[in-house]
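Same chain, two partners: subunit A is paired with subunit B first, then with subunit C.
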Partner chain A sequence: MNKDSLKHILKKFLSLIPMLILISIVIFGALQLTPGNPLTYQIPPELLSSSTFDLEAYEKAMGLDAPVYVQYFRWIWNILRGELGYSLVSGAPIVNMLRTRLPATMELALCGILISSVFGICLGILAAIKQNTLLDYGCTALSVLAISIPEFFMGIIGITIFSLKLGWLPTGGRLVYGDNSFGTRLAHLILPAVVMGLALTGALMRHTRGSLLDVLTRDYIKTARSKGLSERKVYLKHAFRNALIPVTVLLCFRIPGLVGGSVVIESVFGWPGMGGMLLDAISGKDYPVVMITAMIIAFVTLIASFLADLFTMLLDPRVDIER
Partner chain B sequence: MKDDIILQVENLHTGFLVDNVPLEAVSGVSFSLKAGRVLGVVGESGCGKSVTAHSIMQLLPKYGRITEGSITYTRATGEKIEIQKLRRTGNQMRQIRGKEISMIFQDPMSSLNPVYPIGDQIAENIREHEKVTKREALDRARKLLEDLEIPSAAERLGDYPHQFSGGMKQRVMIAIAMACNPRILIADEPTTALDVTIQAQIIALMKKLQREHGTSIMMITHNMGLVAEMADEIAVMYMGRIVEYGSIRQVMKSPAHPYTQGLLKAVPVLGMKKDRLYSIKGSTPSLVDRPAGCEFASRCEYATEACRQVPRAVEVEPGHQVRCWNYKEATDNG
Partner chain C sequence: MKNKKSRNTQGMRQWKKFKRNKMAVIALIVLGILIFASAFAPLLTSYDPEAISLTERTLAPSKTHLLGTDKVGRDVFTRLLYGGRISILIGLTGALGGAIIGAALGCLGGYFGGLLDRFLLRLSELFTTFPQTILVLILVAFMGQGVWNLFIVFWCTGWMGTYRMTRAKILSLREETYVLACQAFGISNRSIMFRHILPNAAGPVIVNITLSTAGYVLQESALSFLGLGVPSSTPTWGNIFNAAKALDVVQAYPWLWLAPGIAISLFVLSVNIIGDGLRDALDPNQ
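Here is the complex of A and B:
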C-alpha cells in the first residue's frame, strides 16, 4: 500500500460527509411531511380541544414556529453535540436508550458476520474444489435450507433443542443480573448470532462457490498450473483472491440489514437491540427516535459501502478508488 | 544433439466427456519434436491442435482424458518419461511443467492474473523450480524482460497486467515460459490475438530466444505464413488427425493433401490478381457425428469411393507423410 492509495482512501472517507448531510436532510424533510404536529401526540385531546389551550405558545416554546431550515440546523447541531433529544413515548433521553441498545446490536451483528463469513467462505471454497461430489451437493442443500427457512423458525428450533431439550444455552436475553462474566455473555450470544448468521452463511457459501468456479475457468489459472504450481497454490493464491472480490462486496452490503433489520431475531431471543426499539418507535409514532435510528442505519450503510470500496481496492489493483 | 528426438507423441487419442458422451478431439496423432527444432502444427479452429498441446502439458480441462497412445519426453539426462502415465497434479508432472516444458497461450489479455504484479508472476515460476531468493528471482525476471525488449523493465516489474498492452503482455507470458530455460516451448497460437505489427515483433523475439537457448518449439497456429517463417517441420491437422506431415520445404513446395493445398491457396499473396480469395468449400463437420471414412471427403474435390474408408498415412517421399487415398491426383492437379 503506497501513499497514493492511502490518500485515495482518505478522500473516499471524507466524501461520506456530504452524503451523510444529504441523508439527514432527506430524513428531516420526510418527517416534516408526516401529518400532524408532534405536540398533538403529547397533549391529551381534551386539553388540546379546550378553548383556553394556546397551542401556538407551546409551539413557540418548543421552537416549532421557526422556519424549517432553522429547525433542521438546530436538530443537526444537537446531534453533533450528542443531544439526541427525548423519546416522545417514554420521555427518556434517546442517548440513554442507545447506550444499551446500540452495543447489543453491534455485538450481535459482528458475531453474525464473523460466523457467516468464516463458515460461508470456507464451505464455498470446499464446495467449489469438490464440485459435483456428495460434499458439494450437501453444502448446496444446506445453504438453500439456511437461506429459505425463516429466522424466527430457526430461532425457535434452536431454543427448543439447545435450551429446552439439552439445556446447554440460555433461552434468551443478553445479560444475567449481577453476572457480567465473559462466559455468560458468550452463552447468551451464541444462539442468536448463529441464527442471524445462518442465512448469510448460505448466501456467502453459494456466492463463494460460484465465484471460485468462475475464476477457475479463467486462462490465468491455466497459466498458474503451467508453471508447475501445486493445486493448493493454484487455488489459494491465484483463484481465491480473485474469487473473493465479489464476495466481499456482497458481505459489506449485507451489514446494514444486520444492524437495522434484526427485529425478528431480537424478539425471538429477547435481545435488547435496535430493531425492537425501532419497531416500538414506529408503531408509537415516536419520531425523534425514528429519525435518530434512521440516521444510524444510514450511517452504517455508508460505512459498509465504504468498506466494500476499500476491500475491492485492496484486493483488485485494477480498481482505482477515485473513479 | 541435433536431430535427437526430445518429444515423441505416438498414436495419441484425447477425448472429452460431453453430457457423459465421450467425444474424441484427437484421434491417433503421432509426431516427434527434435532438439533445437521448431515444429509447426497447423489447422483450422477445433482441429485438435490445442488439445494435443494441452495433452502434452497435462493441462486438459477436468473432463478431458488421454485415452490411448503415449507422449514420451526425453530428459537432458537421457531418461525417458511417459507423460501420459504421470498424475496430472503429481510432483513429477509439476517438476516438468514450467521447468522443462512450458507453454504460451493464445490470449495474453486473460492469461495473466490481474491481481498480482507481473514481476511476481514471472518470479513465481523461477521460485517454484529453483532455490533462489525472491530478490534473485525478481532480478532474473528483470533480465528476461530486458531480453524481451520491454522498456524500463526494472520499473515495470511492479506493474499489474492491466497496465500493459496486449503485445507487452504476451512478452510477459514469454518471459514466464522462458523463466526456467525450458527445453521445450509449446506456443499455442501466440500471435492470434495480437495486431499484425506486434505479431512480427513477437515472432522475431521468439526466434531470437530459440537461437540463443536452443529451445525446441512446438508452434501451434493457423497462420501459414508464420509456419513458413519459423518452422523446420510441419504437421497439418484436420478433425483430430494429422493429414500431412513433413519438413517445411516438402510440404510447402509440394503439398500432397487436398486440405493442405486448400490452406496454402487461401493465403493472400501480395499482387495477387484475383477478385476473390480462395476458400475451402463447406465447413468442418461436427465431432458429434463424425463422418465415416476420410473426414475431409465431403469438402474435397478429389473425393472418390475409396474415401469411405479412413486413409492410412502414406509416405510420399522420405519424411513426408500424407493421409489421403488420392494424393497422387491431388499433387498432379494442385
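Here is the complex of A and C:
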C-alpha cells in the first residue's frame, strides 16, 4: 500500500461526513413536509376539540414552535449525545427499541450473506468448471429463478411447505417465550435467512461463473498450464484468486441492499427487526422512529459502500485510484 | 440512404443472434402472452374486477371461475388480468422515465462538462449511496399512496444507471473526429448530442431499461404487499398477493396468492431472460 492509496482512502472516508449531513437534512426535511402535526395523533380527539385545550402550549413544551433549522440542530445534537428520543406511538425510548431490533436484523442479514456467499460462490465455480454440461445449465436456470421470484412469494411458499404442510419449522417470529435454546433460535432463523439469501445467491452464482470463465481464457492461465501445473493448482493458485475479486466487490455492494430489503422479509416472517420497526413507524406516522431508523440504515449503507471501495482497492491493485 | 441500409442490416444481424437464443425467444412469447392478456382483459373475461358477490366467496378454481374467487367473491382471474395492466404499466413507465431522465442528464453533463457536470455527478453519487428501499419508503410515506406517486418515486430513484452509462459514452466520444467534424459543419449542440452521440449508447441503455422494468414490477409488488404501494382498492399483482398476509388464507385458499405470485414471477423471469438475450445480441464484442 503506497502513500497515494492511503490518501485516497482518507479522502473517501472524509467524504462520508458531508454525505451523512446531507442525508440527515433530507430525512429531516422530508418529514417536516409531511402533512399533519405529529402531536395531534397523541392527544385524544375529545380533549383536542375541547375549548380549554391549549395546543400551542403543548407545541412549546415539545419544542415544536422553534424555527425549522433550530429543531434540526437540536435533533442532530441529541443524536450525537446518544439521546434518540421517544416513540410517539408507544412512548418507549427509541434506544431501548433499537437494543432488541438492531441485533435481530444483523443476525438475519449476516446469516443471509453467509448462506448466499457459500452457495453462490461454490455453485458458480462448479458451473464454470463444468461449463456447458447439464450441471451448468441447471445452476444457471436456478440462479435466474432465484433472482426473478419475489422474496415475499418465496417466503410464503416456504412457510406453506415447511411450516404448514410438514410442520418442521415455525411460521414466524424470532424467539419463543421462556425457551432460549439454540435449537429454537435456529429453527426460527433458518427459513427467513435462506429466503433472504436466495436472490443474492443467484446473483453471486452468475457473477462467479462469468468471472471465472473470463479469467480461464487469460494468458497467464495458459502459461500456468503449459508450465505443467496440475489443474487443481491452476484453479486454486491462479484462477480463483483473480476471479473472486469482482465477486467480493459485488458482495460488498449488495450488503446495504440486504439491510434495506429486510423490510419485506421481516414482514413476511414477523421477524422483529429494523425493517419491521421502520414499517410500523411509517404506517403509524411515528416520525422520531422513522427518522432514527432511516438514519441508521443510511449510516450502515455508507459504511458498507466505503468498505466495498476499500476491499476493491486492497484486492485489486490495478484499480485506478484516481478514477 | 446508405447509412439507413447499413443500420438495417445491423439490426437484422442482432435479431438473428437473439433468435438463436431459444430461452430468450420462449421468454419473449411468454411476455407477449402476459402483456396481450392484460391489455385485452375485457375480451378475455366477462367479470368485473371490482364486482363483489357475497354468495360466491372463496370458491376454489372451477370452470366458471378459472382461478377461483377471493374473500369477497371477486373473480381472481379477472383481477389478475386487470392487475397486470397497472403492474406492467408501472414497471414500463418507471423504467422508461428513469432512462429518459438519465440519458438527458448524462448527455448534458458529459457534453458540456464544467460545473453542471460536477453537480450532476455528485447528485448521482448521493442518490446511489442512499439506500433505495429506504428512499422509496420515505417518499411513499411523505407523498402518500398512489400510482402517480409511485411513478415519481421510481423516476427519482432510477435515473443514475442510465446517467452514468450515457455520460461515460459521451465523454469517450466527445473528442472523436466525427464530432469535431459535426461541430465544424455548424450542426447544433442538441443535434450532435442526441442524434450523433447518444445512439452509440443505445445498446446498454436498452438492456438497462429491460432489466429495470423487471426490477420495478418487483418493487411495486413488494410495496403493495407491504401496503405502501398502489391503494388497495386498485387491483395490481402486489395488491392481490396482499391477501397472503393472513396465515389462514395461506393455508386454506392457496389460489388467492399462488396466482398473482406466479404471474409476477413469470413476468420478471421472462423479462430477465430477454434482457440477458439482448445483452448478448447487442454486444458487438461477442
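Operating definition for what follows: the second predicted complex is superposed on the first by the 277 of 323 C-alpha atoms of A that agree within 3 Å, B and C clash if a C-alpha of one lies under 4 Å from a C-alpha of the other, contacts with A are read in each partner's own complex, and residues count from 1 in each chain.
The definition used in the following text is that a contact is a pair of C-beta atoms (placed from the backbone, for glycine too) under 8 Å apart; a residue touches a chain by one contact, two chains touch by 3 or more.
Everything numeric in this text was worked out from a predicted model, so none of it was measured.
Trainee: What does the overlay on subunit A give for subunit B and subunit C, a clash or a fit?
Mentor: fit
Trainee: Answer with first, second, both or neither: which of subunit B and subunit C does A:9 touch in the superposed model?
Mentor: neither
Trainee: Tell me the contact category for A:230 with respect to subunit B and subunit C: first, second, both or neither.
Mentor: After superposition on chain A, A:230 lies in contact with subunit B alone.
Trainee: Mind working out whether A:218 is in touch with subunit B, subunit C, both or neither, as first, second, both or neither?
Mentor: The first partner, subunit B, only.
Trainee: Thinking of the overlay built on chain A, is A:76 touched by subunit B (first), by subunit C (second), by both, or by neither?
Mentor: Touch partners of A:76: none, neither subunit B nor subunit C.
Trainee: Going by the touch definition up top, name the partner, subunit B or subunit C, that contacts more of subunit A.
Mentor: Touching more residues of subunit A than the other partner does is C.
Trainee: Just subunit B (first), just subunit C (second), both, or neither: which does A:126 touch?
Mentor: In the superposition, A:126 touches no partner, neither subunit B nor subunit C.
Trainee: After superposition on the shared chain, which partner residues are touched by A:190: those of subunit B (first), subunit C (second), both, or neither?
Mentor: In the superposition, A:190 contacts neither subunit B nor subunit C.
Trainee: A:301 in the overlay: touching subunit B, subunit C, both, or neither? Say first, second, both or neither.
Mentor: A:301 contacts subunit C only, not subunit B.
Trainee: Just to confirm the value: shortest Cα separation between subunit B and subunit C in the superposed three-chain model, in whole Å.
Mentor: In this superposition, no C-alpha atom of subunit B lies closer than 12 Å to one of subunit C.
Trainee: Determine where on subunit A the residues touched by subunit B overlap those touched by subunit C, and list them.
Mentor: none
Trainee: Considering the complex alone, what residue numbers of subunit B touch subunit A?
Mentor: 57, 59, 89, 93-99, 102-103, 105, 107, 110-115, 117, 121, 124-125, 128-129, 160, 162, 173, 176-177
Trainee: Which subunit C residues qualify as touching subunit A in the complex?
Mentor: 126, 129-134, 137-142, 214, 218, 221-222, 225-228, 241, 244-245, 247, 250-251, 254, 257, 261, 264-265, 268-269, 272-273, 276
Trainee: Using the touch rule from the top, collect the residues of subunit A that touch subunit C in their complex.
Mentor: Listed in rising order, the residues are 19, 22-23, 26-27, 30-31, 33-34, 144-145, 147-153, 156-157, 159-160, 164, 171, 256-257, 259-261, 263-264, 267, 278-279, 282-283, 290, 294, 297-298, 301-302, 305.
Trainee: Inside the complex, what are the residues of subunit A that reach subunit B?
Mentor: 218-220, 222-231, 238, 241-242, 315-318
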